[in-house]
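Input: one structure, supplied below.
Per-chain numbering from 1; labels A, B, C, D and E assigned in written order.
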Amino acid sequence: MRIALVIGSTVSTIKDEMLQGRKLLIVQPADTKGNAKGEAYVAVDTVSAGKGDLVLVTEYSSARYTGFTKNLPIDAVIVGVIDSLEEGGKYTYQKS
Amino acid sequence: MRIALVIGSTVSTIKDEMLQGRKLLIVQPADTKGNAKGEAYVAVDTVSAGKGDLVLVTEYSSARYTGFTKNLPIDAVIVGVIDSLEEGGKYTYQKS
Amino acid sequence: MRIALVIGSTVSTIKDEMLQGRKLLIVQPADTKGNAKGEAYVAVDTVSAGKGDLVLVTEYSSARYTGFTKNLPIDAVIVGVIDSLEEGGKYTYQKS
Amino acid sequence: MRIALVIGSTVSTIKDEMLQGRKLLIVQPADTKGNAKGEAYVAVDTVSAGKGDLVLVTEYSSARYTGFTKNLPIDAVIVGVIDSLEEGGKYTYQKS
Amino acid sequence: MRIALVIGSTVSTIKDEMLQGRKLLIVQPADTKGNAKGEAYVAVDTVSAGKGDLVLVTEYSSARYTGFTKNLPIDAVIVGVIDSLEEGGKYTYQKS
């Protein structure tokens, strides 16, 4: 799963009917310190993530395998909010 | 889902029979301000997107999961037209 | 679907039995003017594409969804020959 | 499968219920000498891998095909701990 | 399918049980002349490929569709040994 930062949100009135009512957040890939960089993209939120949260994003076919996203035409879903990341016994990121 | 800009269209007479009658648009990846850059590719349109629209594109297997694209041999589908993108309480993009 | 140029062909005697008799073409990603660049790869042809043709290539799981490639162990298939590409009312590419 | 180095671990309280109790490790792509570089990401562990282990990571849909990860909304799973890598008759990596 | 060069092999004692007995080769992406470059990765061999062979590698879900790899947790499989590659009427590669 990719580590990503929630940076914003999307409004789309005209969309596939299976996406109606879904929360579409803008996420940006992040490193293990929580610093974001690179191409932002859009993921469906299933865990009530908020802006500024560092999250885990599952991509491609497995994005359809949460309890809330079965058979949806989506290729990215937020499956978790990260509390902390740790390397070599030290925290590189902790949710504030 | 990738944020992309619709930049053109494709004509292909000789193609897989399951693609007959499909609208094949050229899209280019875009940032959250709607600026396009990078490799253009072709996506099936299911939401009557037009040139200049910023859209959401679902890629790979999930492209087969809209109501209009079941079991098609396609790897990219436009699933929504973006009205606006917002970061930190400010619009970075609004459909004109 | 990726826009790609057919640049050559592949001969492989020892291969998975499900690939026997398949035409394996070498394709290279191309821009909307038909200029090829980047890593060449191999795609199964289902539309009698020829060298020099600009084609549409479907990748990964959806490559198994044409009428000719069901359940094959392939990750790229040519699904159409491009007649023309158009941007902003002008042709960027026309098949000669 | 990608060769990757286990560099850390992840704590996530709020996550998809199907991910409860899963060990989520941070891995970083590595070359055949075991040197890691590039974007770190998170993989589910199924083989009791430890920090510093060089591992094999299966990505995308096939990540759901181990005995421990059926139908999970995950796109990366550790499927093996590497003992050694060999090129041209010489070891490029041996587990210490 | 990607063109790749077989450069080595992998030993992994602790691995998913469905990978027991599988030959895991190290491959590196190659161009149409057979020159390898870029990130090496591991693919399951199903065609008795040997070191120095230029091969065709099928990636992601379709890697599970050979007769020898049904439902395995793998994302790359060698499906053919390349005899020759040809561009513009000339061989760019011939197996020695």
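Assume a contact is a pair of C-beta atoms (placed from the backbone, for glycine too) under 8 Å apart; a residue touches a chain by one contact, two chains touch by 3 or more.
These numbers come from a predicted model, not from an experiment.
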| message | Tell me the fewest steps from chain B to chain E, where a step is a jump to a chain it touches. | response | 2
| remark: Neighbours of chain D that also touch chain A are none
| query | So, what's the distance in Å between the C-alpha centres of chain E and chain D? | reply | 20
| query | With chain centres defined as C-alpha means, what is the inter-centre distance between chain A and chain E in Å? | reply | 33
| task | Could you list which residues of chain E touch at least two other chains? | result | 60-61, 63-64
| Touch graph across the chains, line, ring, star, complete or other? | ring
| What's the ring order, kicking off at chain B and moving to chain C? | B, C, E, D, A
| task | Provide the residue numbers of chain A that touch chain D in the complex, in ascending order. | result | 1-3, 29, 31-32, 46-48, 56, 58-67, 69, 77, 79-88, 92
| remark: chain A residues touching chain B in their complex are 7-19, 24, 26, 39-43, 51, 60-61, 63-64, 71-76
